[in-house]
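The letters A, B, C and D name the chains in turn, as written, and every chain counts its residues from 1.
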Amino acid sequence: MWRAEIKVLLKPSILDPQGQAAEKTLAAMGYAEVDQVRVGKYLEVTFSAPDRAAAEAKVQELCTRLLVNTVIEDYTFTLVEVAS
Amino acid sequence: MWRAEIKVLLKPSILDPQGQAAEKTLAAMGYAEVDQVRVGKYLEVTFSAPDRAAAEAKVQELCTRLLVNTVIEDYTFTLVEVAS
Amino acid sequence: MRPEEWRKLGLRDDEYDRIKEALGREPNRLELGMFSVMWSEHCSYKNSKAVLKTFPTTGPRVLQGPGENAGVVEIGDGLAVCFKIESHNHPSAVEPYQGAATGVGGIIRDIFTMGARPIALLNSLRFGPLTDERVRYLFEQIVAGIAGYGNRIGIPTVGGEIYFDRCYQGNPLVNAMCVGLLEIDKLRLGKATGIGNPVILAGARTGRDGMGGAAFASVELSEETEAPDIQVGDPFTEKLLLEACLELINNGDVEGIQDLGAAGLTCAVSEMASRGGTGMDVELSKVPCREEGMTPYEIMLAESQERMLLVVTPEKEAKVHAVFKRWGLTSTTIGRVTEGGMLKIRMHGEIVAEIPAHSLAEEAPVYYPESKEPAYLKTTADLPLATIEEPEDYNTVLLELLASPNIASKQWAWQQFDYMARTSTLVGPGSDAAVIRIRGTNKALALTADCNSRYAYLDPFAGGKIAVAEAARNIVCSGGEPLAITDGLNFGSPEKPEIYWQFRQAVAGISEACRVLGTPVTGGNVSFYNESNGEGIYPTPVIGMVGLLADATKYCTSSFKAAGDLIVLLGDSADELGGSEYLALIHGRVQGKPPALDLAKEKALHHVVRTAIQQGLVRSAHDLSEGGLAVAVAECTFENQLGAVVEVEKGVLRTDSLLFGESQSRVVLSLAPDKLSALQALAEEENVPLHVIGRTGGDRLQIFIDGNQYVDQTVAQLRTVWQEGIPCQLP
Amino acid sequence: MKFGVIVFPGSSGDLDAYHLVKDILGAPVEYIWHEERSVQGFDCLLLPGGSSYGNYLRGGALARYSPVVSAVVDFAHQGGLVLGIANGFQVLTEAGLLPGTLYTNTDTRFRCHFTTLRVENTETPFTRNLDRKQLLSIPIAHDEGNYYVDAATLQKLEANGQIVFRYADQNGQTTEEANPNGSVSNIAGVCNETRNVLGMMPHPERAGEAVLGSTDGLTIFKSIIKYWEGRQ
């Protein structure tokens, strides 16, 4: 079994409303040292695959087909082998 | 400047309706190999701090005060030093 | 068993003795746990039951009074309206978004459990001052949680109220109300009948969440309070559950049905069996769990959301499972209805608990806590008006009042609610009561939730009474006939005699008003222990009221509609500043007696306003509440940005009483000048004082007293201040 | 002509769309269950507003894989009329029938209120009863209605006349204040190149009766019927 840990963020060119809201709130709370906040999604998918290469391909497929909105989002992931 | 990369997930005992719904859809799409999906948040915070220890403490403070809902969520983070 | 074991669960020593008596032996741990949640204040109402019995609960329209999941009132055409309010205060204090969301989810289940389709949601919220960071967080998250659940499930949130006061700082109040519609012959009750009938658990899987929530609701909040695992709302699953259950009920496939709320499966099985005079034999290994290795104790006490328990006939069993499956839901037969009133709970066949259902559901001890008039009333009661300096600049005072979050527009919140879903909202948030049409009929419902807790603090009896009257006044100003109420009684610890006194007084006040106004109590909710670190909230008896419009086209809203209309004030004003927003905001005093309320006069006023609306005499109607006459008239100018010139005589009154006093039983109307004589005749008949106080028109609000100008502001300026009152306090 | 209203699990706007077509327009309409694999017999498909699958993950993402959506896609490719409202719009972008995507409103909050739409293109089956630059009063109710396309696609949309509605003020100006959610170029509704598929965030089905505050939404449905009758 594999666990994919997937980090998803809006592409840099795309305005991040939630990040901006968090920035504003932190500023209001007095955190002048905070420069930027970006808010995205974190996904963990546990699944079976014969080997690492197959697992990687599978994660990419799941991300592009469903989990990530590739029009506006970028993603990166790491794969961890886990006991089934 | 530091960049904290923060992964946030609902605590294991807490219902994850989004993860469950995504799981069901993946099953309906034919991905029988997918065992579990969990949906959380991913945050990147860029901020200044004198050193790594201070930076770590700051991230913890930001997380518990605003960014993470520690009543229902767990978080882990890594710190990367970046050029200002 | 050692005393620590039951005390830890919140049971008293004498309660433990009663349990032993009911069982004829010592309970085991699971049985003790089941008793502890069922006999908690939250589930058993042991401290309030005796007092609640004094409510008037019957009336020609009442089909179901208190005791079921929700009240049901007949509205003609073979239809009935089903409604209830419920608190989710403690969960919202700990996790505001989910606490509020699951509060909404819970009250919706109470409504469709009865076979009614939920058509509207309301809420009543209380917070500390917005200047506090944590309060802002609570406010934003609670509003978002209500929106997140209601909007997603597709039920419009059409009304409510929001107040801010220091007393709610550590203990916000979140009361959610749901209103549903049903055909009378489809009414279903939470009863387990038919020996041998299968018992089906449907909906979400059971997790370890919300363990002990009922007990948690029954203690005071403090830094150390250990919250149960938080429940996360799943409006998607609930929507499926709602559709599946209504389909089954409408097809007559269900004998009895009950939602799982506080005390989870324990509550559902014991109440259903007890109401049906039956028992149940339940196999816990059949319960679908979210986590492995859940113990019988956890399964019986978990408060996982979005679950229902159904009793069906054996012939319908397969069909019922098929319907749930089609809606994408899990359902499992977990037991049978049995004869003899015994609950037998098994795990893999072995009996793990055996309790008479009735003793769990009905035999909780009933307490008559000590009650004592609080000492503070001696000091607050006296308000020598001479010590209150009259303001010099009434323009500033009016602006300050309009900007006060208690009076300012609540649009920041309600704009986040999808109040238009179901395309039946004729009047949404922003007027007095919401008006929802009933498709397929000419009728509409008027809905509101109201309470002025400052009044209740200064005089709980008057506060309870006024809350009912104000709710009814809001219904009437929208064109509705008040039908019945549900009450959300939020108080501090009943173990304190002063607080119990407040509780009894408020109930008495509500009862009196309900009797006179003909609006029986059909259900409600008691939330005690609303204290944090020893400080109690103001007694907050929220009244949720439902009214009926026989003709949906004859509704009315509060805003002025046409220039040149006459403005009329019905009712008399007195030197009553006690408990007013003006006194608190401008003079920093929470003092005096709440304004006097004569229920007979109130009723006469209702008659006049309702008849005037029905006969098409008036173009707008707005009741006077916080901020008095000046604020009410200002509010009428906002929506259509239509100004007014008001000219009043002072008589013996103080100027501030006249402009900002909160005397009861008053309404501002606007009407075409040619309708005045008809209105006068109506008012005269009912002995309701009528004063023509001005005309609509222009883009300013000007108020003259005895010919001198006291207020002169553009409507735009007043409106901006009123609209920005809440948003300007948020980052 | 016969309308079909798709019923996705969790969505609630199906009821309102059905009500408008049946009770206000008096046109034939039926619900279509999300598990259907065929949409034969229908002339115009309505993908309703609401929260299919609770809007989990992101609006429209999960509904897009309902069996019925494949049939909707085929139907659209054959020139069938498809109108996606709010959540239905999201399903259409997810399914690739319409360009771009919809995400979090700039103020991050859910917003429910009337908006003013300016009609940008009357050469579509959905807008032929309308005048160019006509202003419509139609409400929104969403928290993920922020329409995004990249600059190149935006140019293409402009050139092809695929932008059907823009948020505007009372004077017809597409100002920033009139834009309730941050949508690129104030876009409130777009169609595909062949103009038989329209997606819009505002709810025309909620603006079909004077008592609800506006009948402007009705004109869109009337356009559809007129177009259909003209084609027969």
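Definition applied: contacts are C-beta pairs under 8 Å (C-beta built on N, C-alpha and C of every residue); 3 or more make two chains touch, one makes a residue touch a chain.
As the structure is a computational prediction, the values presented were derived from the model and not from experiment.
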{"item": "Higher-contact pair (C-beta pairs counted), B-D versus C-D", "value": "C-D"}
{"item": "For chain C paired with chain D, centre-to-centre distance based on mean C-alpha positions, whole Å", "value": "36"}
{"item": "Centroid distance [mean C-alpha coordinates] between chain C and chain A, Å", "value": "41"}
{"item": "Whole-Å gap separating chain A and chain D, where each centre is the average of the chain's CA atoms", "value": "29"}
{"item": "Chain C, residues touching no fewer than two other chains", "value": "234, 236-237, 328"}
{"item": "Sites on chain B at which at least two other chains make contact", "value": "17, 21-22, 25, 29, 39"}
{"item": "Junction residues of chain D - those touching two or more other chains", "value": "53-54, 56-57, 62, 65"}
{"item": "Category of the chain touch graph - line, ring, star, complete, other", "value": "complete"}
{"item": "Chain A-facing residues of chain B, complex", "value": "1, 5, 7-9, 22, 25-26, 29, 31, 33-49, 58, 62, 65-67"}
{"item": "Chain A contact footprint on chain D (complex, rising order)", "value": "57-58, 61-62, 65, 93, 100-101, 103-108, 146, 148, 182"}
{"item": "In the complex with chain D, residue positions of chain A that touch it", "value": "10, 14-15, 17-18, 20-21, 66-67, 69, 71-72"}
{"item": "Residue ranges of chain C touching chain D (in the complex, touch as defined)", "value": "144, 147-148, 151-155, 234-237, 239-240, 327-328, 415-423, 425-426, 437, 439, 553"}
{"item": "For the chain D and chain B complex, residues of the former touching the latter", "value": "53-54, 56-57, 62, 65"}
